[in-house]
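Below are two complexes that have chain A in common, paired first with chain B and then with chain C.
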Partner chain A sequence: MKAGGLDVRTKLILLLYTAIVVFAVPKLWLEVTMFALCSLLHIIYGSVRRSLKYLVIYAVAVAVQFFLLPKLSGAALMTVSIFAVSFRRLMPCIMAGRLLLQTTTASEMLNGLQKLHIPIEVTIPLAVTVRYIPAVKEQLQHIRDARRLRQFSKRGGFLHRALRSVELYYVPLLVSAVQMSDEITAAAVTRGIEDPCRHTSALERRFGTADYLLLTLLAALTALIIFTRKAAVA
Partner chain B sequence: MKTKNTNGKDLITTGIYTALYIVALFAASVANVTPLTFMFYPAVASLLGGTFFLMLAIKVKNSFSIIVWGIIVGLLFLVLGMGMALPFFVVGAVVGQLIIAKSGHKSLGMITLAYIITSVCSVGGYAQLFFTTDSYLKEASARGLTDDFVNGLSKYATGTFLAVIILVTAAAALCGIMAGRLIMKKHLVKAGVI
Partner chain C sequence: MIRIQGLTFTYPEQDEAVLKDITLDIGRGETVLLCGVSGCGKSTLLRTINGMIPHVTDGEITGVVTVGGAAVDDTPMYELSRRTGSVFQNPKSQFFNLDSDSELAFAMENAGRPSAEIRARMEQLTELFGIEHLRGRSIYEMSGGEKQILAIASACMNDPDVLVLDEPTANLDPAAIVTMQKILAVLRSQGKTIVIAEHRLSFLRELADTVCIMQSGRIVQRMSGKDFFAINEDTRISLGLRQLASRPLTASQKPARGEELLCAKNISAAYGKHKVLSGLFFKAYAGDIIGVTGRNGAGKSTLFRLICGLQRPSGGRFLTGGKNCSDKQLRQHSCIVMQDVNFQLFGESVIDECMISSDDADEAKAEKVLADMQLTKWRESHPMALSGGQKQRLAIAAGLMQDKSVYLFDEPTSGLDYQSMIQVRDRIRELSQRGKAVFVITHDMELLDMLCSRCFFVHDGGISEIYADDGYSRVVTKLLCG
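On to the complex of A and B.
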C-alpha cells in the first residue's frame, strides 16, 4: 500500500466506526484491537515514530489502570484515573482522526464527500474547520508568547485577571478570523468554489484492494462483537 | 432550505467560526476532571463559545449556517465519545437557525434565545445518565472508571440536579453572548471589522 492508498471514505468510516464502537461497547480487548489497527495504519503510512510514541503512552495508561489504580485513593485516584482511563479511551479515536487529517488533502476530502452526496453547504465549512483548527492553535501560541513578554498575567486580582485574559485571547483571534475568512474566500472563489456545477478533481479516487480489505476487517470485527455479546447472554 | 447561488464567503466564514468554537470546546474540557464539574461541561463550553456563535450569527446571513455549525460540532461530540449529544445538538441548532433566520440576523435578543436553546440541548448528551441511570453507571465502571467517580456521578443523577444543570447552562449561555457583545462593542466595531 503506497502513501495515500486509502480512499477518504474508508478513513471516514474507520473514524466513525472507532468512535461508535469504542464508546458503545466498553470492552478492553476491543479498544486494544482498534488501537492496534490504527497504529498499524499509521505505520503503513510511514509515521513509525509517532505510532511508537502513542504505543508507549497507551501501554503506560493500561499498566497504570491495572497496577497503580488499585493502590491509590481519594483525589490522587481521581486525577490519575482521568488520564489513565478517560483519556486513554479517546486514543483510538484521536489516532483514526489524525490518520484522516494527516493523509488527506483538503481537495481529496471535498471530492470524497461530494461522492457521498453530502451537500456543498456542509462539506466546505467542514473542510475549512478541519484546516483552521491547527492555525488557531498556532495563533494561541503567539498570543501566549506576546502576553508573557508584556507580563499581562501578573496584574490585578483573580476575577480581573480571568476576564482580562479572555479578552486578550478573544480579540486577536476574532480579528484574525475576519481577515482569514476574506483571504481564504478570495483564494477559494478564484478556484471556482461558487460554481454550481459538480466539481471535478484531477485526482479521482476509487475504492481499491486496501479499502475493501479494511472494510471487510471492520465487518468481521462487528460480527465478532455481536457473537461475543450473544455468547455472554447465553 | 438551499440558497440558489452558493455564496463561498458564507461557507468559509461558517467554517472559521466553527473552528474557533471547537477550540473553545477543547479549552472547556478542563471541566471534565471531577464528577461535579463534569456535569457542568455544557455550561462552561457555552460560556466560552458564546462570542463565536454571536459572530457567526451576525456575520453569516443565510438560512443554514447555524445548522451546519450544529452538525460539525455534534460530529465532534460523537468522535469524542459523547455520541448522545449529536441528535440533541443538531435539533437545537435547527431550532436556533429558524429563530435567527426569522428575526433577520439582527435582533440580539433572538440570537441569545437561539444560543440558549442550542446550549441547553447539548445537555442532552447526559440523557443516558439521567434516564437509564443504572446501565449507564454499570457501563462507566466496566470502562474502568473508578468507583469514586461512578459514585460521584450517581449522586447527581436526579431530576433536581438536571434542572440545576439546565438553568446553569442557560445562564452561562446568556453570559457567553453578553461577553461576546462586550468584546464586539469595545474592540471590533471600533476597529471596523464588523
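On to the complex of A and C.
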C-alpha cells in the first residue's frame, strides 16, 4: 500500500487502450511506442530487470521480422511469424496487464472498480481470481517437485505424453483451487467485503499529476494516429 | 453475548447432522474453548456463530443463534462481520490482500470508514499487539506465525465484541504459539468474547474460562477451564484430546541402527548469492526416525529439497552406500509426503496410483503394498475421494512401490487430533521397522517426543543435533523462544 503511483482507473484505461490500439491500428511505430511507454512505467515502478528482459525479447522479435522473415517461406514462415509478429504484438498488452496486477492491491482494485460503478457481483469474483493467481505459482512448484520424485513412465507418443502431462497438473491444481477459493472467499466475506456501502481506502486516492500526464499522453497519441491516417488518405 | 438454542445443522447431501441440538450460552468477556476429535462439529459450530452458516454455506438448519441480541440468520453477513472477527486455520489462504497494511485496513474499508480513522486504528492496534515488524510487509515474506498474528489483528480492526478462532495454531511453531497466547490474553483482558476451536490445548491453560468437549455433534461436557486442565491422562486420551501440558518422554524409542543409507558431506545450499545452509554433515541409517525442527524460514524445507534431490547443493556431496550420489539418484531413493498431499497424487484410481510410475509395475506387489497400507478396500476409488489420512497412506504406498529407502514427511500431523496423530506415528514407525530412514519436519512437539529417535534443530544456516533424555520438546521450545 504505497502512496503515490497511478490510480487503478488509469491503469485500466492504459490496458484497454493498449489492447485496442495495437490491434486496431497495426503500425509498427505505434506498437513500439506503446511498448516503450509500458516499459518506462515498469521501470519507474522499479522492476528494471524484468523490463530489460522484455526489451531484449522484443528487439529480437523486431529484428527477426526485418531480417529473417523475408528469407523464409512456407511452413517455416508461418511458424516464425506467429512468434515474431503475432506474439510480439501481444507484448505491450501483457506489460500493461502486468502493471495493473503487480502494482494494484485487491482493495485498490475493488475501490477503483466501484468508482467506475461496476456492480459488486462482478468485482468480487474478479478480485478473488486476481488474488488466486500468485498462489497458483506456488502450487505448480509443489506439483512439479512431486512429479520429479515419481519418474513417470515414458510410454506413448509425443502427443499422448503431452496430454498426460497436462492432466497430471490440472487434477491436483483443480482440487486445491476449489479449496483455496473457498477459503479466500471465507476470509473476504468475514471481513465484510459484501457491504453495500461505499468502500473507502486507508490512503485516499485521487487522480494525481501522474494520472493526468499519462491520460494526456494517450490523448495526444490518439490525435497523432488520426492525423497520420488523414495524411495517408490525403 | 452468544446464545445458541436447540441448534441442529446438516450439510447438504449428508444424512447425519454435524450439530445435534446444541444449546450454549456464552457470556460477555468469556473465553470458551471447543475441543474434541476431528469431525466432532467444533468448526461447524464456529461457522454458525460468525454467520458463514447459513449465509455462505448451505445446509439444513434448525434452532436459533444470536450474537449480541441479533439473530445470525436475519442479519446480513457484512453486518455480522463487524460484530464478529474470524480467524481461520490456514495461514496461506486467509488473506484477501497481498500486503499486511492493506489486509489490516481491509475490514474497515469495506465498512466505509473514513481514511483518517482507519489509519488511526491501524496505529492503535499495531501498538497494542506489538506488531511494528509486520507493517508494510508482503504476505509471501511472512512466516506462518506472523500471518496468524496479522490475521487476528485484521479481525480486530472493526473492534468486534466477539472473536472466533478455528484452530489458529495448527501450523505454528512453539515460539509463535507463545506470541499467540500473549495476544489472546490482551484481547481477553479487553473484555472480548473469544470462542476458539483447537486441538493443541496446552497454550490455553491460563486463558480458557470454559471448556466444551464435543463428540459427534453434541456438547457432551461443559466445565471450567480449571477443572478441565486438571483431568488425568487416561481421561484425556479416552476423549481423544492432545496433551494438556508438555510432559517428559514416557519411553525411550531408540530403534536399532541398521546400515548407513545416506551421508551428507559438507553440504551447502544457496538461492543465487543468498546462502541458506552451509557445512552440513549428517548420516541417516536404516530404521532412523529423524525429527527436523526450527523456526519458519530457517531452511527446513531447503534441507528436504536437498535430501531428495530436488535442489542441487551449492557445495558438498551426498553418499549412498558409500558411493557418490547424483541428485537424480537421490530422487530415485526418496519419497516426500507433502503437507498438502493433494499435489502428489496423480492416478485415476488407488491401484492406478501404484502402477502409474513404471511400465513393468508388478500388480501382485501393488496389492501387497495396498494391503499393508490398509487401502485394499478403496482399490478402485479416485485418490481425491479419499480422506486426508488415506491420501497420506497412498503417497507412502507409491513410494514403497518404487522401493524407495528415504521417506520425508512435511508436517504430517498439523491440525490432527490425538487418534489421527497416533496413526501417523504408527505408520512412520512401521516404515522404520521396514528398514527405511525417515525424516519428519514438525512443529508438533507431542509427535516429536513420541516418535523421533533423533532431532535436528535447523538454525543460522546449519543444523544442530539435539540430545535430550527427557524429551526434545522442552529443549526445542527453549531454543525457539530464547
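Worth a mention:
Just so it is clear, the second predicted complex is superposed on the first by the 204 of 234 C-alpha atoms of A that agree within 3 Å, B and C clash if a C-alpha of one lies under 4 Å from a C-alpha of the other, contacts with A are read in each partner's own complex, and residues count from 1 in each chain.
One rule holds for everything that comes next: a contact is a pair of C-beta atoms (placed from the backbone, for glycine too) under 8 Å apart; a residue touches a chain by one contact, two chains touch by 3 or more.
Remember, it's a predicted structure, so these values are computed and weren't measured experimentally.
Of the two partner chains placed by the overlay, neither chain B nor chain C lies in contact with A:165.
In the overlay built on the shared chain, the residue A:180 is in contact with chain B and with chain C.
With both structures placed on the common chain, the touch criterion links A:93 to chain B but leaves chain C unconnected.
Once the two complexes are overlaid on the shared chain, A:150 sits against chain C while remaining clear of chain B. Of the two partner chains, chain C is the only one touched by A:142; chain B is not. Contacts of A:107 after superposition: chain C is touched, whereas chain B is not reached.
Judged by the touch definition given at the top, the superposed model places A:199 against chain C, while chain B stays out of reach.
When both complexes are overlaid on chain A, the residue A:189 reaches chain B and chain C alike.
In the superposition on chain A, the residues of chain A contacted by chain B and by chain C overlap at 127, 135, 171, 175, 180, 184-185, 188-189, 193-196. In the complex of the two chains, the chain A residues touching chain C come out as 1, 105-108, 111, 127, 131, 134-135, 139, 142-143, 145-153, 155, 168, 171-172, 175-176, 179-180, 183-204. Residues of chain B that touch chain A in their complex: 2, 5-9, 11-20, 22-23, 32-34, 48, 51-52, 55, 64-65, 68-69, 71-72, 78-81, 83, 139, 142-146, 148-149, 179, 183, 186-188, 191, 193-194.
Every residue of chain C that touches chain A in the complex is listed here, in rising order: 50-52, 55-56, 76-78, 81-82, 84-86, 88, 90, 92-99, 101-102, 105-115, 118-119, 122, 136, 140, 154-155, 158, 305, 308, 310, 331-332, 334-336, 338, 340, 342-346, 356-359, 384, 398, 402.
The touching residues of chain A, when paired with chain B in their complex, are 15-16, 19-20, 22-24, 26-28, 65, 69, 73-74, 77-79, 81-82, 85-86, 89-90, 93, 97, 119-122, 124-130, 132-133, 135-137, 140, 166-167, 170-171, 173-175, 177-178, 180-181, 184-185, 188-189, 193-196.
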